[in-house]
Structure formats: C-alpha cells, structure tokens
Amino acid sequence: MNSFGRIFRVHIFGESHGECAGVTIDGCPAGLPLTVEDFSSDIERRKGGTQKGTTPRQEEDLPIFKSGIFNGKTTGAPITILFENKNTRSSDYEKQRDFPRPGHADFTAHEKFGGYEDYRGSGHFSGRLTVCLVAAGVIAKKLLADLTIESKILEIGGESDLEKGLQKAIDAKDSIGGIIECRVSGLPTGLGEPFFDSVESLLAHAVFSIPAVRGIEFGTGFAAAKMFGSEHNDAIIDVKGTTQTNHAGGVVGGITNGNELVFRIAIKPTSSTPKPQQSLNWTNGEVETFSVKGRHDLCIALRVPVILEAVTAIVLADLMLLEQKIKRIL
Amino acid sequence: MNSFGRIFRVHIFGESHGECAGVTIDGCPAGLPLTVEDFSSDIERRKGGTQKGTTPRQEEDLPIFKSGIFNGKTTGAPITILFENKNTRSSDYEKQRDFPRPGHADFTAHEKFGGYEDYRGSGHFSGRLTVCLVAAGVIAKKLLADLTIESKILEIGGESDLEKGLQKAIDAKDSIGGIIECRVSGLPTGLGEPFFDSVESLLAHAVFSIPAVRGIEFGTGFAAAKMFGSEHNDAIIDVKGTTQTNHAGGVVGGITNGNELVFRIAIKPTSSTPKPQQSLNWTNGEVETFSVKGRHDLCIALRVPVILEAVTAIVLADLMLLEQKIKRIL
Amino acid sequence: MNSFGRIFRVHIFGESHGECAGVTIDGCPAGLPLTVEDFSSDIERRKGGTQKGTTPRQEEDLPIFKSGIFNGKTTGAPITILFENKNTRSSDYEKQRDFPRPGHADFTAHEKFGGYEDYRGSGHFSGRLTVCLVAAGVIAKKLLADLTIESKILEIGGESDLEKGLQKAIDAKDSIGGIIECRVSGLPTGLGEPFFDSVESLLAHAVFSIPAVRGIEFGTGFAAAKMFGSEHNDAIIDVKGTTQTNHAGGVVGGITNGNELVFRIAIKPTSSTPKPQQSLNWTNGEVETFSVKGRHDLCIALRVPVILEAVTAIVLADLMLLEQKIKRIL
Amino acid sequence: MNSFGRIFRVHIFGESHGECAGVTIDGCPAGLPLTVEDFSSDIERRKGGTQKGTTPRQEEDLPIFKSGIFNGKTTGAPITILFENKNTRSSDYEKQRDFPRPGHADFTAHEKFGGYEDYRGSGHFSGRLTVCLVAAGVIAKKLLADLTIESKILEIGGESDLEKGLQKAIDAKDSIGGIIECRVSGLPTGLGEPFFDSVESLLAHAVFSIPAVRGIEFGTGFAAAKMFGSEHNDAIIDVKGTTQTNHAGGVVGGITNGNELVFRIAIKPTSSTPKPQQSLNWTNGEVETFSVKGRHDLCIALRVPVILEAVTAIVLADLMLLEQKIKRIL
C-alpha cells in the first residue's frame, strides 16, 4: 500500500519524528552510476529554510545508502536509502495533541489506526516522507537522461508574480497555496495503456500521493470543458505525430503521442497556518480556538516542484521499462 | 494492465466493432443478489441515442452473464459479463482509415501496437468499453447500498444552463465538453492510505481511465490554490469528525474523514466533431482537410455521469473490502 | 486472485456446468499470428474420452475468440477466449449433493463461499477450467517458439510401464495417480529473481494451480536431501555456463543457468474413484457409504502433461517479457 | 520482485557483506505489541555457530526498528527492521572470485546483472537475507497467536537419526542435505483460492524463496502418486469437516479444510562443501580444481526450520487478513 510501480517499484516508510524516512527502489536496472552527490541538487531544492515562506526546520538530508549499490553503481538488487531525522522537536506536538489540527491527518489517522499511530509531527503522514519520493526521483531521472523533466510554479495565492503572492500571505499572517506545472520533452510515443493504466491515470495516482495536492489537469485541462472540438483537437502535421497545437498535453487515448507532456497541479494553502483556528478539543469535546505550534511552511507549494518532477520521473521510468525503452542492464 | 483494484478487481476487454465488450470482476463477495434488471437503469443512462447531443448508434446492451452467478446470486467466483456488438458499421472507419483522427487514439494506438491494432471504431480504445465500467459499477453500488453516490453535470460548454450549452454546439455544428461533479455520502472514516494509495490517488487513477477526462479536482480543488489556509481549513466540530465547511471534499491526508466526498472532472469536447478538420494523410504524408465519418456524440460529457459513479463505486467497494467494512460472504 | 503473471497476465473464469470456461490474457505482444487451429493439438491432448482411463464426457472445446485478435493476429489488447459447456449432466450432481465428496472441494467451497457456490460438477473448482490454462499455454508457447517444452508421464500408480499401472487401477476398480516430468531446453540465463520470484517459486505457484498436484521437485529434488554436496554440485565447464551434471535442474539461486530446466510433479489419484466411500451425509450429520456419480477419469494424471507444459510456458513467457527477451511488438 | 503478499506484504533488501539485511512489512494491523525481545528466540534458532554443522560466522542479529513502531506497538504504517552486518570477511571472497562456485548464484547473478552484482558473500543472493524472513515471520506469528506452527527436521543425509546423518558428513568431509516438515494446527476453513492462489501455490511460492529448497509436497505428497483413490481420499466424519485420515495435508481444492496443514520440503546439501571441486576458472576459461573459502554450514538444513515457519506464517497472516479473520486494528 506504500508501494508504487510495476517494474521500477518504489516503497516508502518512516516517520517525521521517528528514526528516519526511507525508501526502497526495486527493479532498477543494474549498472547505473549513483553517488551521494547525485542527490544533492534535488534534495536541496526540496529543503525548507533556505527561502522566505518555507519551514525553518533544517535537516541535513544526507542519503544513506543501505543496499543495492556496489562500487558506485546499482547492482540490480533493491536499493534502500535512509534519511535520518535529527532536528526534531516533538514537544511542539505533545502540547497540541488535544486538538486534531484542521487540514491535517490527525483525525483521519486516529480513526484509521485506532490511536496507535505515531502522531509526532504527523508521523508517517508527514510531508517529511517526500524526501523519499525525491530520492527515488533522482534515480528515475538518471534512467531518463534523454528526457527533460521540468516543473515550475505558475501562481502563488492567485498571483503569477510570486513575490507578490507570498507577500500577501506574510501580510495576512496566513498560509497560501499555488499552481505548479510540469513539462516533459523527449518522450517516445506509445507509453501507457488505453484504460486503467493510461498515462494520466498513473501520473495522477502518483501526483496525489504528494500531500496538499487538490487537483490535476492535463494539457488544456479544465479549460477544455469550455472549448469546441474543432478548437481543442490538435492537428497532426507529420508522420512522427507532431501536432500543430498541444491541447492534449502529449497524451491521447491514454498513450503518449510524442509531443510535450504538460500537466498542472493545484496545491492547497499549508494547513498549519499561523492564524488562530477553531477546532475540536478531543479532551472535552468542545470547539475551541487554538494555534498550531511547530515549524511550518507558509507556502508548501514552494517546495513541491522538485517532488512533482520526482513522481513524474518515477512513473515514466516504470513505463519506459515496461515498453523496453530502457534496458535491464545499462 | 487492463485491470484495477486489489480485492474487488475489475478486468476489461473487447473492441468497438469486434465480438463484444466484456468485463470480469474478481473478488466480489458471495451471496449478492444479481439480475439482468439490476443493470438496466445505469446502462440506460449511459446509452447514446436517447437524448439530443448523443450518438444515434443504438446497442441493446443486454448484459450476458457468463460466470460467477448461480441461482440469482454471486458465488464468490469471478463474474464475467459480455455485451455483444450488433449495431456496427465498420465501413465508416475503413473509408477514413487514411487519416489518424485528431484527438483520437488512431495515431498512438498505431505507434504502440505497430499497426496490429483493431482500428475499427477505435477498437479496444473505444468509449464502447465504458459499458464494462458501468456494469462493474452496478455490482459495486449494490455492495455499497448504504452509500449515496451521485454524479451530475455542472456545465456544458461553459454554461450551467445545459440546454443553452448544447444549443451552442448545435448552432456551431461543433462538439463540446463539460464539467461533472460526483458526491458520495455515508462513507466511513479511515478509507485510503497516506501516500501512494490515497483516496485521491485511487479515484484519479480510475477516473482517468474514462476516455475524454482531462482533469480532476477534490473539494475546492484548483480554487484552493488561491485561498488562505485559515479560509481553506475545515474546522472539526464534533467527535465524529464532522467539519463546519467541506473544502477538503471529504479526504484529509489521503483518508476519508466521514464528510461528503466531493470531486469534479473536466470532459473535453468530443474529438469527432462534425466540423471539417486538418490532419495528416498517412498515405501521402500531406496535411489535408477531412471530415470524420461514423455516428458520434456531440457532447460525450452527457453520457459520463453514470460512468463516473461506476468507477467511484469500484474504488470504494475495493477500499471497503480492504478495510473489512464489507464482508466476504453477504 | 484468479490471475497470474506480471506482464503476460492470465485471468480465468467460468464453471463446469455453467455457460462456459474462459480465459483473458493481458499483456500479450501485438503481431502474434493466432488461429483456432493453433489450439487443436494441445486441446486434443488434454481431452478425456479418447484414451483408456479418462472421462467419457466429451466436449468439443472449440476456442471462441472474443477479443484481442484481428486479421489473424494478436492486437496487443486483452485476448479473451471462451469454451462453451455443452455436454453437461448436472443431474448426476444433484443426486449426490447430500455428500461432500472426499478429496473434492465440495466441503471447502461450501465453507469458503457460504453455500452460494455453484456446486454442479465442482463449479468454478472444476478441472474443466484447465482448458483455459491450456489455451493460455498455447499462446505462451507460440511466444516461446525457440524453446522446447515437453512433459511426459514417468509413472502411473508407481509403475513406469504405464499400461501396467493403469491395468492395476482397472482391475482394482479404483482410481490411481502418477508422476509427470517437464523439461525445457533453449532457455537463456538470467530469468527469475533471488528470493520471492525465483523461477522455482513462480513455477511452483503456477503448477499448484493445477488440481490434484501434491508435490513438485526441481532437478534431483527430494533425492538431493540424501546427497553429499560434492555429488550434488554441478561443475561449470564452459563460459556459457554449461554444467557437467544437472542436479540443479537448470536453476541456481532462483535464476535460470542456461541448462535444461527439469522438474517433476506428483498427481494424486482421481478423487472420484468408482469404489464406494464413506463420508458425511450433510442432511443428517451421519457418516454413510456412497458412490460418486458422474463421468470421471480413472487416472487424471494422463491428462496433465499438456496442462503442465501450459503453465510452464505461461511462467516463462512472463519472465522472458520481464527480461526483455521477447519484444512488445513482434 | 523482492516482495510478497497482498495485504500483509513483505519486502526484503540488503547484502551479505554490505551495510545490512533489511525488511519492510507493509499492511500489518495497528496495535500489535512488538519488542526486540519478541525476535530473540526465532533469530537465535536461525543462527549458525551454536551447533555442530553450522557456520562459525557469528552475527549478533539485533533487530533495529526504523519505522512503524511507536510506544511498543505497531502503528499500521510500514515496519522497517534492519540487521547490521558486522562480522564480514570479504577477503575470503575476493580470493576465489575467479571461480563461479558450483551450486551458488555466482554465475547466474553475473549473467543476470551483467557483472554489476555485489559478489561478496553472494551479495543479495546470500542466505543472510533469510534473517529478514525470520523477522517478518515473528510478526506474522504474533498475528496468528491462535495457531500452532511447528517445523522439524525429519532426516539429515537420509538418516532419521540426525546425529548419525551429520556424522556421516563430518566423516566424509562433505556437506549434506535434509528433509523438513511443517505442521500448522488451528487453521480456519476457507483460506486460499481455487486456482492461482491456492494455499499450496502461495506456500510453495514463499517456500522456494528459501535458498537450497529443491522440493515441496503436501500431505502424502509424492507417495500419493502410488496410491489408489480409495486409500488417498480422506473421509469427512463430522460437520466441522474433520477427516478420518489426513492424506490431503489440510488443503482440498486449494482451500484449507480445517484439518492440520502438513507439508515437507527437501533441502539440498550446502553448496559450499569443504571438498575440493572442479569448476570453470573465469580468468582463463579452463576447468580447474579449487576449494571454497569462507565460513559455511556443513548442513544448512539445520537452520531452515525456523525460516520455514516464518514464510508459512507470512502466507497465512496474509490469507487471514484477506478473509477478514484478523482485524485491521487489534
């Protein structure tokens, strides 16, 4: 249930304030060079604390290779990577344990796991585990060296001037959301399946495993619902399948058509807003005002682009292996 | 690859102009009463030809039970249901075989399957196979008799007055898209998983297997990206987890929170517009004007609500079985 | 649960006295020529009624293609094949419904499915469904045209002179079992995984889905437990990995080593012996003597070789696709 | 590929001379008490060095909990447990790297992974990883507290007097194999599926993931092939399904029948025999005599019983969850 993929298969585990967050990647081809340095750039991009609007919690996030790598290359056996938790302040969470925080998994985790869940810092539900997705994404991207996978933020708080959007939140002493777009070029035609494993199905499945995602749309997306067919259809203009426009976002009939893959996701405002909130007090059953403690991102969307690239790369690496576009031994 | 689900597992097969469309449902509990009549209403809702804007192709769509049902009840063994194709006019497709139709899978299917695909009426890629989804959905809904699952069209061609939206298309002699919303009430808390098998992941996966879907959003969805955290957070107001607002659409941390599940999808305009289009002529490599032949829906969105309910029910039946909220023998 | 395989994926459904037995094969490469005649020889080998010691029930067993085949070739979409049940005599089973037949699934099916199971002729538990395995095997074998897969009976009732073993059963008016060996030559090295998906794991998994199998052993098998390591080890004598002996039966560390794959299975005597038996009478809770009605095989082992080849081919086709030794488009 | 199970799902990773061997168990119910001490007894049973005939390599094998456990209980999130490798002597392996050791995975691993495999101490193919199976088995057994799962050695080197069998090997300066039996009592009826996921299929799948297993048989097993049906059939003598004999070994039609589950496995003699052997020298392509270095078991079968219990418990825990005989929250 904490796994994804058919050949390139990613398993995640761990907690926010436990020993570590970790990831096992099974089915990675043998012979891929892999060093700790390969992870630096993407892990750095994901980190909070380095830009305005992200959490001051600082983790070194050094990937610790536990298996599957030998002499600097993947062996074909499962790769396990750990990220130790060092900079935890669980006491923040003990104090507010009485309140299931709105927008957080406190209430649902409690219902699902009967109170046995590790609640410290959201435990296994924490955004901390996205470092595992990023790590798996780094490996997937190396397998997909011929592709260009790029995410960028389109809007913060409704503003395409991102500085302005962020300032709005700072001024309001509130958290804020955003829109992120991912584009992939260089894809072959023929990835994906007609129905259940359409490219959109698989990408959406992976994307909604990123906390705070509330929507996804491909190509023209929701705007397509307002268009005429003659506007929306992309005329094919050569035998390679190049299209004049790209309203489809690179997927037709669930299958990549060789044009640029384009999709966008909506990120909700960080649930841990600095503003005082109303919520149930579990100890007395009353609705009370409280303020979230802990160190949090004002705008979690700022950290999502690299995670979005990661899950996209995970999906595409798996599809490329399924379609034998990547070899089993490199 | 043409399968979905972990316990309540749906497999689809078939072609538009072949023998049949078919579905096998594995893992359905034993003892569920099931008759041909149970399917009538939902299959009727899916059918074209009965309302303005849908295809004049008429199929009787009588479900033919081939296995898994005995004395009017499910046996626990796999249930296979066929829908014969009777009313096919493949000649329409032979004529325009030279042109990979824009927006259709003609080009991508050809690339994926090397020209061996059954191209008649889009073959295995046809919307015809959604009758299989509807059939599986009928069974899933019967398992979920305590829930209310309802889809409705919110917009056609950007108009919430649906008549008006449709007329716009008819006037323009063009096809048109729409927005559909699905709501589920009566759900228990605790369905879904924190990351890869979040409720949103599974629903999105299933929903994008419906042809023509271009986007999905949960609760407030894309609009959440413009909100402050203090606005978006849903205050929990009692120990059952009832929330004052429902911006989350019933899912927090990937898990159902017991409030109404709400999500919307965007349907693109039917690719087979009556308007003449430009596209590649495969035989000479030139871009030429052509018109799509065959019998088509002006607005496929009109037929989607019941399919959306079906895939929703399929996902939820599977989750309810996983969480032991439905017994294995009824 | 009625499925097997990761890429070349086989689903079976149907009942002995229902409409049909059926099989869907998903993930078969596109472009494989396939005709009804391709199935004749193996289906004929499986049939009862043509040799002494097998059931007089005669089914034509004509494969009816329902999907996935177009212009005589596989399309890459799921292939569904049905075998209609015509020659059923359910009344035989109604009469003896009071007794859960020893060695049959009557009792366990009733417990598992709460009495909702189709009990006629063992319903979904019937050996009738092995025709589906044979059909999937025919397709798998065509994908593996470069390999030689051959099963043969080594013993009937403990006699390597099979005539003699069978005569023993006829004289005793009793049913009898046997030992069958399967050999595969031409395999590449490198199929399989070290632990959970070892070649032995996958073959054993598939083989035990054949009713009446009670044991499996690879290479020297159980006899290896009595040997010294210096005797059992197969010396590697060239760089291709050829071994001097083949005690390992072609699999080392879970992985094919390029030598002949060799394994044997034990088939129990047919549960439906002509001899009167003791068993519980469900209606009164007493143990009584009764005789099995219906048309049965005296020695079901006689029909198993072709089924054993089939499941072997299914496993190997899947592994060859996983290791990219078979292309996705032929 | 290094995973097994549908709900209670076990993933293994690691190498013999790398950082660690590790296991992740997903789908374990929340609320199961779990301490390091729970593992001591079974891990001790698996260890070499404490009895005649097993390896002098000593590992402390202390389970290190990395995730999924909080306040001494399982949380419902994935449980990861590591076993560090401390007592490694890789130099033994460097010296004999020229020879692919007969009976070991050296040759097949090299072919499968193109020379990128970690070859030290058999790397990921090492029996070292069975400590992970034992650990998962400890958890599974705790879930199955109402069952009795017991393995015992029936024969060493063909001798039921085990001392005698072992002495034979010591006298011959050779390694030796054995036969092990597993019995489970207390099982409910109704576990397993008719075909692909029969109890025998799943158990055999899991059992062949234990290195050195060469055969498995259920109930009377291979001997059944020599019996008459009237002898082999187990008469049902009461409404609970108790049978007079237990030739079936507790499984009929792929489904547990409530009687004792009984099966036996054959373990080959340890491949690393002290005797000099012939094998290919990779460096010159010649067949030469060499002796295996490293610390090895004379009779690996001595260490298998607890591993056999473990994989049996893993399979049964998964089936019990599927059939809702174990709750999701304890």
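Order of writing sets the chain letters: A, B, C and D. Residues in each chain are counted from 1.
The criterion applied here is as follows: a contact is a pair of C-beta atoms (placed from the backbone, for glycine too) under 8 Å apart; a residue touches a chain by one contact, two chains touch by 3 or more.
Computed from a predicted model, the values in this text were never measured in an experiment.
Novice: Weigh B-D against B-C on C-beta contact pairs and write down the one with more.
Specialist: Answer to which pair has more contacts is B-C.
Novice: Measuring between Cα centroids, what's the chain most distant from chain C?
Specialist: Here the answer is chain A, farthest from chain C.
Novice: How far is the middle of chain A from the middle of chain B, if each middle is the mean of its Cα atoms, in Å?
Specialist: 26
Novice: Using mean CA coordinates as chain centres, what's the gap between chain B and chain D in Å?
Specialist: 44
Novice: Take the average of all CA coordinates in chain B, do the same for chain C, and state the distance between these two points in whole angstrom.
Specialist: So the centre of chain B lies 37 Å away from the centre of chain C.
Novice: Could you check chain C for residues that touch two or more other chains and list them?
Specialist: Within chain C, the residues that touch at least two other chains are 1-3, 12, 77, 112, 124, 194.
Novice: Which part of chain B faces chain A closely enough to touch in the complex?
Specialist: The contact residues of chain B facing chain A are 1-4, 10, 12, 100, 102-105, 107-109, 111-112, 122, 124-125, 129, 155, 157-158, 169, 172, 174-179, 189-190, 193-198, 200-202, 204-209, 211, 213-239, 241, 243-244, 247-248, 252-258, 266-273, 275, 277-280, 282, 285, 287, 301.
Novice: With touch defined as at the start, can you tell me which chain A residues reach chain C in the complex?
Specialist: Contact set of chain A toward chain C: 6-7, 77, 194, 322-324, 327-328.
Novice: Within their complex, state which residues of chain D touch chain A.
Specialist: Listed in rising order, the residues of chain D that touch chain A are 1-3, 9, 11-15, 18-20, 22, 24, 26-27, 30-31, 65-68, 70, 73-80, 82, 112-114, 116-118, 123-124, 329.
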